[in-house]
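First, the structure itself, so that you have it in front of you.
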Amino acid sequence: MTTVSEPATIEVLASGTAPYHKIDPDGFREWVRDNKQRALVPKLMTEKEAVQKFVADGDYITYECNYLTRGPNSLLHEIMRQQKKNLWIAGKFTYVDVGMLVGAGCAGKVDTGFFLCTPSVRQALDAGKLEVYEYSNVIMTMRLEAGAQGIPFIPVRSFGGTDGFNHSGAKLITDPYTGQPTVIIPALNPDVAIIHVQQADKFGNARIFGTGISDVPAALASRKVIVSAEEIIDTEEIRSNPGLTKIPYWCVDAVVEAPFAGYPGTVPGYYASDPAVVMEVFASVLRGAVEPYLEKWVFGVNSHQEMLEKNVGVAKLLDMRKRETIRGGLRA
Amino acid sequence: MTRAEAFSEREVAMCTVARMVENGRTYWAAGGGTPLYSILLGKKLYAPEAQYVTEDGVIAPEPMLPYEPMMTMLAARASYRALAWGTMNTAGIYSQLGYMDYGVLNTLQVDRHGNINSTFLGEWGAGGRRMHGPGGADTIAACCWRTILITDQSKRKFIEKVDFISSPGYLDGSEGARERAGLPRNTGPWRVVTPWAMYDYQDRRLRLMARVPWVTVDEILAECEYKPLLAPEIQVLEPPTEEEVQLLRTELDVRGQTTDAAGGWIVWDGEKYIRGGGD
Amino acid sequence: MTTVSEPATIEVLASGTAPYHKIDPDGFREWVRDNKQRALVPKLMTEKEAVQKFVADGDYITYECNYLTRGPNSLLHEIMRQQKKNLWIAGKFTYVDVGMLVGAGCAGKVDTGFFLCTPSVRQALDAGKLEVYEYSNVIMTMRLEAGAQGIPFIPVRSFGGTDGFNHSGAKLITDPYTGQPTVIIPALNPDVAIIHVQQADKFGNARIFGTGISDVPAALASRKVIVSAEEIIDTEEIRSNPGLTKIPYWCVDAVVEAPFAGYPGTVPGYYASDPAVVMEVFASVLRGAVEPYLEKWVFGVNSHQEMLEKNVGVAKLLDMRKRETIRGGLRA
Amino acid sequence: MTRAEAFSEREVAMCTVARMVENGRTYWAAGGGTPLYSILLGKKLYAPEAQYVTEDGVIAPEPMLPYEPMMTMLAARASYRALAWGTMNTAGIYSQLGYMDYGVLNTLQVDRHGNINSTFLGEWGAGGRRMHGPGGADTIAACCWRTILITDQSKRKFIEKVDFISSPGYLDGSEGARERAGLPRNTGPWRVVTPWAMYDYQDRRLRLMARVPWVTVDEILAECEYKPLLAPEIQVLEPPTEEEVQLLRTELDVRGQTTDAAGGWIVWDGEKYIRGGGD
């Protein structure tokens, strides 16, 4: 039992100086009230429609997980094809994806995290076409967690003392309960989240199997949510085991049926990766020669399905599926 | 255990870390490269009851090896037979709560006080070379009880003061600096392991404590930008065994992407270890 | 994008005046380091051993869910049998349980929440033997959520403006990000949590099916955790579907095999309630005549199993099991 | 729809609330009593596409009715065929995020500004009668866009100023009082429903807007400690229908614990409604 003497103020010991995406819990609530469907309304549409409707130039975007693992790649490709501009990217646990988005001319700002900093990213930085603000992976997912709770900030136990702190939106305050210096970080409410899941119904009730990064916080924290799914399942199936639903329909604005959307990466329980193309994208991004990859896999096709048809083929898809032998906990 | 006849520098560091892995302790492996492979090697050979998490919140898996390229987290083989599956905040929260004994990570630069730079070479915002950022390493370095850093022995890496603190060491080295910055009490850097040497800390300053047999202390110091503290007696590390390198090559880093990424080779000529090409 | 001008301080607009359970994130970390087994160590023991070892007089205790639904009743009864004294109870989503613990002479303080305020509770209050501090159910589970993250406090969007706020540990501050008045509440790290689950292995890896109150936050936030389980399952079974594990072994200090521990309440998927005894306990607590109930169901027996044998019998247990016909999502 | 011949006062309030339930809107039912039964009644008869949560984080269930006694949350029948299962913080967080259109709750006392007391009758800490506390109602009243309060019409319940604000109404009634206390913008009390009447708010003050046919405005005002505002025209509420009370009695509150807990009975004598015994 403790009674701490009450300070009339809390000291702010240090503040990061970077711009951060607007924090407006009440405004977010009003967006939810006015835009999120609480009725069970079918939301199936193509990747093209979903991106046209729900991704705007200048949007702050987050995605789960990354290009190589349960990546929402059909949607990422479509965003590049539609040449969305000046996106602000949540660069947590990313790998090749930021380099691709920068190479495709879609990115304006990045909150990092982690991303492969490639020649094209460095060129964009040097040319003043890209700004980077500094966080770390967990700090980014905790920012999303705060956004997913509708609160303006959250205390954390890491990030203090780093130079990232100075180039971020974090603050060091004196905790009014213990009197100890404590870092708080600003909530993150992206404009749009794109998330690839194993199963969803047409309303957006989504099942995710295996480990993840921040699927659920991203879905709750974002104003617009596009879910792509390996399989569309019936709502009866959802109701038969409510314990498997990770994201409820009311968070979701668009549902895209997208088998093999994670190609060339893996979707656990569904298919293994295509190692040759994984190495191809990795090498081309790392070397700054991302254009040929984008030309072949993104701009040279009109849709994800066309890409699978033209560039991949049945034999390879079946082989990827065959090599994914682990099922426990990954299939309903 | 049999002496390994030939091995790469990177393999040396991984084997050294593997031998530090303890039963009944928890490890957070940064990313999916040398830290993860070092822990797996230690778990397979020396400490089967060591448990680990990765950034995707997998808890105590028994992964199906080898991994496919770049598929060391989130993939089915990587999270196979875990005791629980979580998310990045799972890993973050357990480390905030003090459940993670050791963090194992790697870096581009480390300074006298164990601060880590993986963000920027040069002056931030005023020209220089942007790198990939801390990833999960910031939280590992902040919240695990002890952190083990793996890096290469090079003047460009062992520097007086990092250009940018991506993940915290002892900050300015003063007592209580971490606590004043909001970090948990009694945490911080513990060991640095390179292909040539091992370091600990004395009064929050890096101290050389051991070397491999084929490198002298002077050679090590020549690859530090500043002179670290020296332990009263510099121990000699055991070289890799045949079991270790075989396991590394056949089950873990089967494509050699991690172990061969840097450093030369060391060969046993029947009497002594000889440093070969590469570097 | 927003850059807010930086105040050097954060204003504390109002502070509740109640004592609150000690907040010490660093001390909690040290407790974890020194006491929580990170090795896989078998922890099976009897309810008697578990309570002797892990519940001390004066402890702050939380439990999931309540006496009527997936209640850790075998452990609650044992705590009363062992006459633990002066417990500080997390009174969130409770029902008859607080009245029982007060009636049994075990309770010294309650953070409420919600509990049936019965004649015996009122007598204890009037006699100065019981203190009550004011929160609400969600405020209590959010306090546990903060405790489960190892942070000292968390912002919330409710509780402001209530008189509960004044008799609590909450504060109203000016959010440094939006400038808006924002309530923060103190983290809660109980000394002990008791949680009844459907399945656990001998190490404490626990599966919970159906909805819940705050099982996982309670397990993470508490220094000592006793899990009782309807069934002990093999660790191979746990590893076969890691997606079903809600509480990992390292949080758990004791595992008690306790079939029908939720009696007279329900454990979803396993058995329905015993309506007659549910009404019996409800009526006796509400009327302040809790002693006869305790005498029959708690003090008059030496263990939960003896209670089942002497007071319930096979036919009734089989009938409760039979009446629980719903399985979807509730059985692995 | 057929006129019900006889019904209890509590049934009247529940039927009134049931008719307010709208398709495509979300409801958080406080506890498992009259609020939950009112929503279920409305969902079954008028608005099948209304969705609700309860404190255990169940999302949009299709419960197997009737419930066993006291088993309206967490039990298998109560969470049956939901779209998702969660926890109390699930309910809390979705309401913080603005996903909950309506909160439905009941109380012991309500005052002129819609503040709710379920904690203490008398002066806290200085003698009086301790009650059960707010439960989830505080968060419901704070965060749902609109709250519907169900209570009985009694001078002891409709009071000038509650002894203790357990769940917030418009606080002191001044503009912006809720926001100044940290609560979300544009939320607050919306309707109060009793067996005799319905109220809304004008400038954050309770206003009588409708009455049941068998009670006069004066009788209602006699059961208020203070005089609430009066709408320019006091509407007359439709009495319960046979369908409503049958459903309530056969599928919902089959043991009558909720509906019969308080209030007298009303009987249709062929020409008019007559208030019978009880109370």
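For reference, chains read A, B, C and D in written order, and residue numbers begin at 1 within each chain.
Methods note: a residue touches a chain if its C-beta (ideal position, glycine included) is under 8 Å from a C-beta of that chain, and two chains touch if they have at least 3 such contacts.
Computed from a prediction, not measured in an experiment: that's the story for all the values here.
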Intersection of contact partners for chain B and chain C: A
Which of A-B and A-D has more C-beta contact pairs: A-B
Farthest chain relative to chain A (centres taken as mean CA coordinates): D
Interchain centroid distance [CA atoms averaged], chain A/chain C, Å: 35
Cα-centroid distance, chain A relative to chain D, in whole angstrom: 40
Chain centre separation in whole Å, for chain D relative to chain B (CA means): 60
Approximate Å spacing (C-alpha centroids) for the pair chain A, chain B: 28
Residues of chain C engaged with two or more neighbouring chains: 25-26, 150-151, 156-157, 180, 182, 210, 239-240, 242-243, 328-330
Of all residues in chain D, the ones touching two or more other chains: 58, 79, 81-82, 85, 96, 184
Graph class of chain-chain contacts, one of line, ring, star, complete, other: other
Listing of all chain pairs that touch each other, if any do: A-B, A-C, A-D, B-C, C-D
Complex interface listing, chain B residues touching chain C: 23-26, 49, 51, 58-62, 79, 81-85, 93-94, 96-99, 101, 145, 184-186
List of chain C residues in touch with chain D within their complex: 65, 68-70, 91-93, 95, 112-117, 121-122, 125, 132, 134, 136-139, 141-142, 145, 156-164, 167, 172, 180-183, 210-217, 266, 268-269, 272-273, 275, 278-279, 282, 324, 326, 328-330
Partner chain D, residues of chain A touching it in the complex: 25-26, 28-33, 36-40, 148-151, 205, 220, 235, 238-240, 242-243, 245-246, 248-250
Touching residues on chain A, where the partner in the complex is chain C: 1-3, 6-12, 15, 19-26, 150-157, 169, 171, 173, 175-178, 180, 182, 184, 186-187, 209-210, 239-244, 328-330
Sites on chain D touched by chain C in the complex: 55-58, 64, 68-71, 73-77, 79-82, 85-89, 91-92, 95-96, 119, 124-125, 129-139, 141-143, 164-168, 171, 177-184
